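What follows is a set of structures to go through.
Next, two complexes with chain A in common: one pairs it with chain B, the other with chain C.
Let's look at the complex of A and B:
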């Protein structure tokens, strides 16, 4: 009786903790969003931003000077889509990371360390350098996006192929297969970039750095849809993930098809991450670090971890993006900022992980 | 006749041990011969069409101390052969051997078949050190300003190494975790390098980029002393420590009971390996996978005795890199393809193959 009481008490405690953490993180997110509205290389004051927003909502925009026009343009057509993109991509990466770390049983798994981004880069390089697109009728940015998307799925496809030939494949081997493919793809993109002429090479380089600025109102819907898919999949899978984290044997004895769950979650992660790679390039460390932050905040129950990781991811990516816009004279690629901020956490995590058993 | 069965068993054992050693020595001998042959081929391949015999007579005459009037055809040919091809081949031998030894040692120390200078991120760390030295103005790329660059590269290669030391002794760290960590570390250092490079112009970027891929284009004789000195010294020390490495591979308790201070040994061996890698990366950039694949293949053939794996891997790695370089120059006679790309193209599928083949018993 005492034990049950204690369990109930602990459960309630964790629920309350979860609620508090979520409220705090949401407030933080809202604050960052508000700040992010007016941050740009071009100076815009906060009150001007509010005025522009209200004018746009009331449809009373009046543009008299070039200055007015550019400010309106920055706030409405650059900052807002960029913030929404940042939120969606942060959510996607973080939730995919959380799902992958549990299902392939490795704390270092994330959509990028397992090679999805390398496929995207190869696809983009092929089009930028030689105009090769898998769907030949497309041109311009659409072609890059489509190419990157399709190529990002190849490492996962190869993992699935290997899995279907070898029946009792371990999750370790699934990851390593992805990494092997990643190395081959990276070598190919290096060669392409090297043999292409310098201007195109530089363009590929810029593409590879990762930036949230490429998304506009026109293609924003893609990341929004992907974000919804990611969070819904995460929530639906979370109870199965809880079972799986008890170990393969226990999970199987509880009627879970472990292999199928692994494949399904890999496919979902690959699909949603491919969208982010196609639109924003590779942004590392978000998917690696955020799920661990979520664990540190609210423990190991995946039903709580998934939403918490989602919002941590949003905060981290949007925050890093804002920093990336103002740091140094020219700004930095957001991938570099996430690496700079994420890596100390990552190293701390590695050192601390000594005590935990994965 | 057999008065002393015990003695007999001993001779039997000695015999089988001798043949066990012989097999390994023969393999190493073959690798060394292959390496010499590869050097021989390597000096005859290049943009300037000089016939096979001529190449050797030029090298011979150079060694005899013949000098030519500057500007003449003979002078030019002598310059091309001696200062470009021979120096390049010598460097390829140093780099291939050094990286392979570093890889063999790392695999042994971490007891992880997928460890290597590239997969653990040590090369990327060194690469970042070099990017710093380039922005500070110590241009490593023309081979003139060498020592500060090597030192910076070494200092930054220690960062991933320390992470690996923290990670490696844990029993529950799988090869996958190590490699994923290596990938994450590479991401990190690439980001740092990007931060440094983001302000430079497109041409410098292209230069740095070529060098990051791993290229022998700028190798001259002035690159040789530092890299040769460090690689040779580190390799010899590591070879002398190979008995202790064998003890480690039996298990931590066994090694400790033999009086080995495991943590100290790990630190020393990995630091030496990093130093060696740094001295190579400083001149040639990242040459991926040699350090992983060469020792691995050698282990497949002659099994895990590190006293033989280390020299075997050195000879094999040197041959492998020389052949990749020859391949790069045959594919493009103006030296447009960096050797690192060829190495990755050969090495990455081998890596994938090793993973799939080994799925069950990862050491």
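Let's look at the complex of A and C:
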């Protein structure tokens, strides 16, 4: 065997860990999904769930009692879309976080760093409190979704504008611009909530907490498409992210247009995250922490980090969502539960991690 | 290049530089700190854009090249590499293949990586993580990444920084060998006068943002030039027919 073959063999061997991690996480995801099908505040046994699934697949649904109806409703129209939403949003946030952290060179970056969620909240608040929608013909939930989506893209648009005026802007300055815009937007939302009447104020507050339960079969396709866009973009960009992780100067000498790469990543992350914000509100933590968990598990090669972060994000969000449904009789906001469960895991992994990555 | 000029908004860094590189050779760029050596090298790779003058590469103005095309002609290894993320050594060197192969890693890429590892004598480090390495080992990995780019021109900013004396000499010797065997043009920024003198075919001595003198080591490394450019007195001995500088520190504080 010549030396190159030996090198390739050893290199492949060094990636076995990646394969194992991916297999384990996939199994975990499958298990969580299966359990998640029957978890609800209304008691449903696992065998009932299986029966409902089989009946629906065979089109032999037989609803006789209220009990049958509500169980069917929960499994088919609530749990399944919610699980798929959780997987898609977990993937989107985690992959966007992984892309953002590398391209803006900042371990604290996440899909919300650039002010996306504050934009979404302002859009939603404007409609809930004053009925202002950017597309005036829309009403109800659609109007909130559209408003939140468009407004959440404004901070990114401002960053792009600033970047095009100032040629040698550093990635930190890009983030700081986003943070500046974020404060303006958050303050405006707070004012609107403060001035609005109490019922509307409460509705704004509920919206701002973020929940996976708002997505239905009718708009599920949006998060699914966004998730595909996120993972494909992540995989395509991963080789360029590796180059960029050698530093801006080296990346430039390798023929990479660093500024353009930053803008493209920013736009893609903004678009897919805006979809999640519009449909489920802002769910923090996943986008910040899951990429770091992926790094701790399999290292720094972005070609491996992107798929690993994707599945870590799914497991984390769906897992925590299930816990949040059962933890108290009335359920808790998933964002809070993710942070409460995830943070100790994250801190533990940071302490245990031998690789000093940042 | 002719009349090259580079300014930062309120400071002239380089001016009136005219140099011709027309054959494969190992060129040392010498000069005191802050004289513009690194800036010159970055201008040559179009990382910094010159503010005056003209750089012509293979009969075509440097500005007309796309950065991607340049990446297949010129390789650049900066002096420090503190702002990198710790991938494995193989992954780091594979980055050097990105301009040629893009996303997919082929067997050919691994052949090049293997050759680069052998050339820098770091085969044993192949699967270690970059952040676990010593400064000198990192330096070698960075150089290996530069070679893996397989360009005809290599710009190296202090390739022997962080290396111990044995490796300073062995790396320099390898560079010279590489340059002559594969017909490459290698420009290296260097602080060690004796290494430059021993291994370079040609030396460019810079002072105050301009070229003070250029020519063979024997012509350039002289008592007068060193005193004038660096402001230190010295004596020159001859070793293997090349000048060797011994600093006389009597007048220094």
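We adopt the following convention: the second predicted complex is superposed on the first by the 333 of 358 C-alpha atoms of A that agree within 3 Å, B and C clash if a C-alpha of one lies under 4 Å from a C-alpha of the other, contacts with A are read in each partner's own complex, and residues count from 1 in each chain.
Definition applied: a contact is a pair of C-beta atoms (placed from the backbone, for glycine too) under 8 Å apart; a residue touches a chain by one contact, two chains touch by 3 or more.
No experiment lies behind these values; they were computed from the predicted model shown.
Colleague: Answer with first, second, both or neither: which of chain B and chain C does A:4 touch in the superposed model?
Modeller: Second partner only, chain C.
Colleague: Under the stated touch criterion, which partner chain does A:79 make contact with: chain B (first), chain C (second), both, or neither?
Modeller: In the superposed model, A:79 contacts neither chain B nor chain C.
Colleague: Where does A:273 make contact in the superposed view: on chain B (first), on chain C (second), on both, or on neither?
Modeller: Neither: A:273 stays clear of chain B and chain C.
Colleague: What is the contact status of A:113 with respect to chain B (first) and chain C (second): first, second, both, or neither?
Modeller: Only chain B; A:113 stays clear of chain C.
Colleague: Looking at A:102 after the superposition, I want to know if it touches chain B, chain C, both of them or none. Which is it: first, second, both, neither?
Modeller: In the superposition, A:102 contacts chain C only.
Colleague: Applying the document's definition of touch, where does A:163 land relative to chain B and chain C: first, second, both, or neither?
Modeller: The answer is neither, since A:163 touches no partner chain.
Colleague: Give me the intersection of chain A's contacts with chain B and its contacts with chain C, in residue numbers.
Modeller: Looking at chain A, the two contact sets intersect at 357.
Colleague: Would you mind writing out the residues of chain A in touch with chain B in their complex?
Modeller: My answer: residues 106-109, 112-114, 162, 166, 169-173, 175-177, 179-184, 186-188, 190-191, 193-195, 198-199, 201-202, 205, 209, 284-285, 288, 328-330, 332-333, 335-336, 338-340, 343, 346-347, 350-351, 354, 357-358.
Colleague: Contact residues on chain A for chain C in the complex?
Modeller: The touching residues are 3-4, 7-8, 10-11, 14, 102, 105, 236, 238-240, 242-243, 245-250, 252-257, 299-301, 355-357.
Colleague: Please name which positions on chain B make contact with chain A in the complex.
Modeller: 114, 163, 166-167, 170, 172, 174-177, 179-181, 183-184, 187-188, 190-192, 194-195, 198-199, 202-203, 205-206, 209-210, 213, 288-289, 336-338, 340-341, 344-345, 347-349, 351-352, 355-356, 359, 362
Colleague: Considering only the defined contacts, which chain C positions touch chain A in the complex?
Modeller: 42, 45, 47, 66-72, 74-78, 81, 83-88, 90-92, 94-96, 98-99, 102-103, 107, 110-111, 113-114, 117-118, 123, 126-127, 129, 131, 145, 149
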